[in-house]
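Some structures are shown below for you to check.
Here chain A shows up in two complexes: once beside chain B, once beside chain C.
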Partner chain A sequence: MSNSAPLTTDHPGQVAAATPPAPGRSHRLSDRWLTVAFISPALLLLLAMSVFPLLWALYLSFTDYSATRGGPAHFIGFGNYTAILASPQVHLRTYTTLLYVIGAVTLQTVLGFTIAYLISRRTHGRGLLTTLFLVPMMLSPVVVGLFWRFMLDAQFGVINSMLGSLGLGQVEWLTQQRTALISLIVVDTWQWTPFIMLIALAGLTAVPKYLYEAASIDRASEWFRFRTITLPLVWPLLLIAVLFRAIEAFRLFDLVYILTSGGPGVSTETLSFHVYKVAFLGFNTGTASAYGILMVLVVIVLTQLYLRYLNKLKED
Partner chain B sequence: MAGSIDEAVSTGPARDHTRPARRGGGRGRAVLEVALLAVLAVVMLFPALWMIETSIKENRDVYAIPAKFFDFKVTMDHFRDVFAASGGGRSALSVSFLNSVVVAGVSTVLATVLGVPAAWAYSRFAMKAKKDQLFFILSTRFMPPVVVVIPIFLMYRQVGLIDTKLGLILIYAAFNVPFTIWMMKGFVDEVPAEYEDAAMLDGYTRLQAFWKFTLPLLLPGIAATAVFALIFSWNEFVFAIFLTSSDNVRTAPPAIAGLIGGTTVDWGLVAAASVVFALPVLAFAYLVRRHLVAGVTLGAVRR
Partner chain C sequence: MLVATTMAACGQDDGANASAPKAPATIPELTKDPLTLSFIWFDWPPAHALEAFANAEYAKERPNVTVKVNTVPNANWHDAMFTQFAAHKTDFDIPILDSQHIGEAVTNGNILDLTDFVKKNIDVKAYDPYLLAAYGQFPQAETGKRDENASLYGLPLLGDTWTMIYRKDLIGDKPPRTWDEMISVAEKCQADHPGVSGLAFHQANGSDAAAVTYNTVNGVYGGNLWDPKTRKIEGVLNDAAGQEAMDVLVNKMKPLTAKGSGNWFIDEVNAAVAQGKACIAFNWIAASGGLLDPKQSTLGTSREQILDKLGFATLPSQKTNLVPLGGMGMHVSAYSAKPNQAEALNFMKWFEQADIQKKWAAAGGVPSRTDALESPEFLDAQPFNQVYTDSVPRMRDMWNVPEYARLVDIENTNVNAALNGAKKPKDALDDIAKEQQGVLNSGSRKGGGGL
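After this line comes the complex of A and B, so read on.
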């Protein structure tokens, strides 16, 4: 690898240390040198581009700094944090985000698992079916958002056109408070149902066949087999997928930005979108940083849950 | 990897012939299940098909009420507009596609060059708090982009990386390194460490053993991992829209999103641009379909 060459000059001390007399020790020491040389470039990039920015945001969150006003940043303690936690605006966004995350992830899980179950029961054409179902997941949220915006258009959108030919009324999907959030959930569900399906399918196909055979010798009913064999074996993997989706849904920004821009009013403004508005439209960088740090804390808790669970799953 | 599609076809519980007595009812149920699957497949695929259809429709038919499903005039004008500007020469969109190729390509190479050796080291050597290190690495990938972009924006403004391709390349590489390490660690774990031990008994150093014996075996895994990193960078939107603004730096996602800025929206052009943008992703995703489960869970789930 080309990156290991310049590193030899970065750690001259270690190179010198890697030439002791005993051959056994030399191996171990050169291994340690290799570890440092191979891992530190990647870690340095992460430190520079992920950790350092977050630390900077943490510092800014205790100040009244504004990116446009310029001038020095004044230390204001926990002022930003108390302001955010007490703000009814933020409470509303939290509620919206919660509705969105729970609605979307629940729908995706039910639909995704159903599709996976149906596919796993087929003997022919599984590969083709799976591939077709996966298409939405691979598209960019920009493409997905734009295209659904066109399809949900009140005037010449295809959805309203189909409703019309069925003799049903027109719906202003994206411009009415109540339907806008539902549209957002539907579009996210459309894109990410394949994700749950893919992982559930991996779990379903890994269930050993002999379990079903044993159950059918015992004349167990279909439902009994599903409840006692399929579900317990697929559930751990499914939970991983659900947690993963919950984290992603909580972070979601691009789809909201493209589909509704938070509107109408603030009915589809999630926490991510509100942070963006505070930071880049209000230019209250300090407040936005505190806001962001609070979101990061939520993500860290969710990620810890996810990773711990993943670890448990791997050890079993 | 029971999640690979090829395997999903061959293995798995086939349990339709267990009870001959109820075969009639079983067949009825199977028909119902197939019908349900077909309906779900149509619902899931319709938006993608509608996008392709819109991209080849004449403008008059794009806005037709009620919508025209079959009897429309086919035109390639929208695709021409994606690549060629109206006054001749290259369109802003086609420049943004080129930028996307450069940014996604270089950031993927960078993430691979940094991530693969790290993954190998994490797989082969004992070190302090290895698990914690790996979990820390993965958790950086979960940070909300909207939050990270605030300090990154200030940082880039300070060092003059705002509105440069290099800025985007660096942040994309940083977001792909955790993925590359996790994904590649799985592949390295599958190559027995004994190969390297044997090579070292023959007089090769550890580094030579890695380079000559392990790395060639890892190539398919590296290719799959790089393809996923490429897709992530190609599709990325949040950093692109906040960190770049000028036409000759902007990547395709913000450029396509910019098409709906005006008072009238040329949906035919949006559809054509989206198709051109999405096709390479679908093609690449098809190439790595055996690794999709690991790929979409950032290398965390492997079975």
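After this line comes the complex of A and C, so read on.
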């Protein structure tokens, strides 16, 4: 066994790394090489599974390539991009997706923050309540979609059965234009409100207590304390949660696939669901790649704007 | 999705192989080593019946072979097969394709050309020519016929069509004979029996559910889906007969269905019948077996009691007597290993023998050989089997072209929209014709488009 090298020194400012390497340690296994060795598996995986497909998709997006029809890919410039941006079909899906994102994220933020605020005021059972609220988030979206599909069934579902026992009429939750989109928003809200709640709760518990104590001494009202202490301090963290949820909602696929298949007609078809159809029904790989790249670009641009706002907020 | 697209894209060849490779006329020497012969199908009772039947019977001839029928949800069926085809690597040896998938698979060179194999090993005269053509021929045969000079890429596995399921205790023993009569009988039944809807049929926008429903009514009212010679859809599908069919479906049939049934497919229709909630229903014959199971039904505590209430009949006719062609054929993956391809060919030859087809019928399958269709083993096996035998000369298929998946999606979503009030019937039909024509017109274009 070799003597271990000291990690600290008695003199402040003296760097521990200045100590000579342990005897017997190979030159090849310097810290730099060790770092590379440990990082490279993850880096290679990232390159193979994320970066390369992204670059490959970028290349295909400028071609007329079809994955099933074979043959070489012909360069067609921005043809796929202009076709997508000019397509009324895509405009319709964009509108549907926007409605969905705004509806779902707004509802989740209001509910998530409210629940977090109420939980943060409790002193007993906070942990248990938080755990219980987190259960929906831990379920697979496919499972969530399937059991909500059964519950929302107009004929055999428990929701209509309950409405019936209250003397209310049957609602066609999944087969009417408006109710189908509302149903998607409700199910997504049921599953993902806990995420907002969790982040908001972390923000709320981090607010220094002395601020509230000072406000109490000044006889500030509950509303005043909430408006001038709680909200400004939690707001940046809440915005990050909203950003994550908005990105997730923007690329919603699984719930649509299970609950409505995009119906009735195409009225709940989101952009992701449409990309799936272009890619795997028609196997128009070039177009689907361009569609995917455009969606990534939209998310990147919006995220950048959002982060700038967030930074400005922090600076202020 | 990016990863999947890349996997598919990286599997591309240089484009030299654009048509199906040929299977040998004679079955190559079979391996004596243990071998698993894999199928791919969607998850429904015939898939499980096939696996049990093949492992029980084929093992008698080939004890070293295990048959595995891999299943996927119906909505993923096309994607599950064609994404593997795109990667030029399949984990199945025998894809069970819908008849309309053949064009896409042949054009892309995904399945073997069985023409020489069939000539040498299969007694083609034992089949109704249209059944042989529907499950194997490409280019598509004219309805009711087979082009003997055309190539064959598959052999029948499971025949199928729609049966009309009616409540004998509610509408009487005699089934309605015309479509108009069927609607008026359903209307009266619904009015006389509150809580029971007049009709139940497929309306969902997944798979080919709503499209088959419209196509059926279209055929019965004398319409056409397209003109295959000129590849014309616009002006053909939405002609006067097509408009009448859409009007009948949306304005006369839909009001007789249960509220919220706009996303019903096979299982939901069966559930409505089994729970006594429908006077008349339409469903695929191969999916109707569960209706006679007392454990799944509220209509009786025994099969006999259920049969006292349920009747099965061929579809009513109107201007024509056409019925939808269902069922699927067996094909051989071009990317399967050589020993597995040889075994697949041997299985097909074995399966299409007269005595095996009768055993398949007795095991719950729907055979395609005429002798098996007329055998007591088949006709006595299920009360709806006679319906299939009687329906064979009346069948019509959809388009069997490489663009099928997109054509059916356009029709499905638009018919579903019309049935659920999201579009006016005329607008929906005109949109179908226009969009489908656009797909056919851009058929020669590779990759781009598709929106």
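By definition in this document, the second predicted complex is superposed on the first by the 272 of 316 C-alpha atoms of A that agree within 3 Å, B and C clash if a C-alpha of one lies under 4 Å from a C-alpha of the other, contacts with A are read in each partner's own complex, and residues count from 1 in each chain.
What we mean here is this: contacts are C-beta pairs under 8 Å (C-beta built on N, C-alpha and C of every residue); 3 or more make two chains touch, one makes a residue touch a chain.
As the structure is a prediction and not an experimental result, all values here were calculated from the model.
Enquirer: For A:186, select first, second, both or neither according to whether it touches chain B, chain C, the two together, or no partner.
Expert: A:186 contacts neither chain B nor chain C.
Enquirer: Thinking of the overlay built on chain A, is A:53 touched by chain B (first), by chain C (second), by both, or by neither?
Expert: In the superposition, A:53 contacts both chain B and chain C.
Enquirer: In the overlay, answer first, second, both or neither for which of chain B and chain C A:311 touches.
Expert: It touches chain B, and chain C stays clear.
Enquirer: For A:156, select first, second, both or neither according to whether it touches chain B, chain C, the two together, or no partner.
Expert: both
Enquirer: Once the structures are superposed on A, label A:83 by its partner contacts, choosing first (chain B), second (chain C), both or neither.
Expert: So A:83 only meets chain C here.
Enquirer: Touching A:289 in the superposition: chain B (first), chain C (second), both, neither?
Expert: After superposing on A, A:289 lies in contact with both chain B and chain C.
Enquirer: In the superposed arrangement, which partner chain does A:263 touch: chain B (first), chain C (second), both, or neither?
Expert: In the superposition, A:263 contacts chain C only.
Enquirer: I want to verify the contact counts: of chain B and chain C, which reaches more residues of chain A?
Expert: B
Enquirer: A:138 contacts which: chain B (first), chain C (second), both, neither?
Expert: In the superposition, A:138 touches chain B alone.
Enquirer: Name the contact category of A:118: first (chain B only), second (chain C only), both, or neither.
Expert: first
Enquirer: Where on chain A do chain B and chain C both make contact?
Expert: Residues common to the chain A contacts of chain C and of chain B are 49-50, 52-54, 56-57, 60, 67, 155-156, 257, 275-276, 279-280, 285, 288-289, 292, listed in rising order.
Enquirer: Applying the document's contact rule, which stretches of chain C touch chain A when the two form their complex?
Expert: Touching chain A from chain C are residues 1-6, 8-15, 17-18, 75, 78-79, 82-83, 85-86, 104, 107-110, 204-206, 258-263, 271-272, 277, 402-403, 405-406, 409, 413-414, 416-417, 419-423, 439, 445-451.
Enquirer: Can you name the residues of chain A that touch chain B in the complex?
Expert: 1-4, 27, 30-32, 34-35, 37-39, 41-43, 45-46, 48-54, 56-57, 60, 67, 111, 114-115, 118-123, 126-127, 129-151, 155-156, 158, 161-162, 164-165, 190, 193-195, 198-199, 201-202, 204-207, 209, 212-213, 216, 237, 240-241, 244, 247, 250-251, 253-254, 257-258, 272-273, 275-276, 279-280, 285, 288-289, 292-293, 295-296, 299-300, 302-304, 307, 310-311
Enquirer: Given the complex with chain A, which residues does chain B contribute to the contact?
Expert: Going through chain B, the ones touching chain A are 2-3, 5-9, 11-16, 18-19, 30, 33-34, 36-37, 40-41, 44-45, 47-48, 50-51, 54, 62-67, 113-118, 120-122, 125, 127, 131, 135, 137-140, 142-148, 150-155, 157, 170-171, 173-174, 177-178, 181, 200, 205-207, 231, 234-235, 237-238, 241-242, 253-254, 256-257, 259-260, 265, 267, 270-271, 274, 277-278, 281-282, 285-286, 289, 292-293, 296-297, 300-301, 303.
Enquirer: Which stretch or stretches of chain A touch chain C in the complex?
Expert: Result: residues 49-50, 52-54, 56-57, 60, 63-74, 76, 79-80, 83-84, 87, 89-90, 153-156, 160, 170, 172-177, 257, 260-267, 275-289, 292 of chain A touch chain C.
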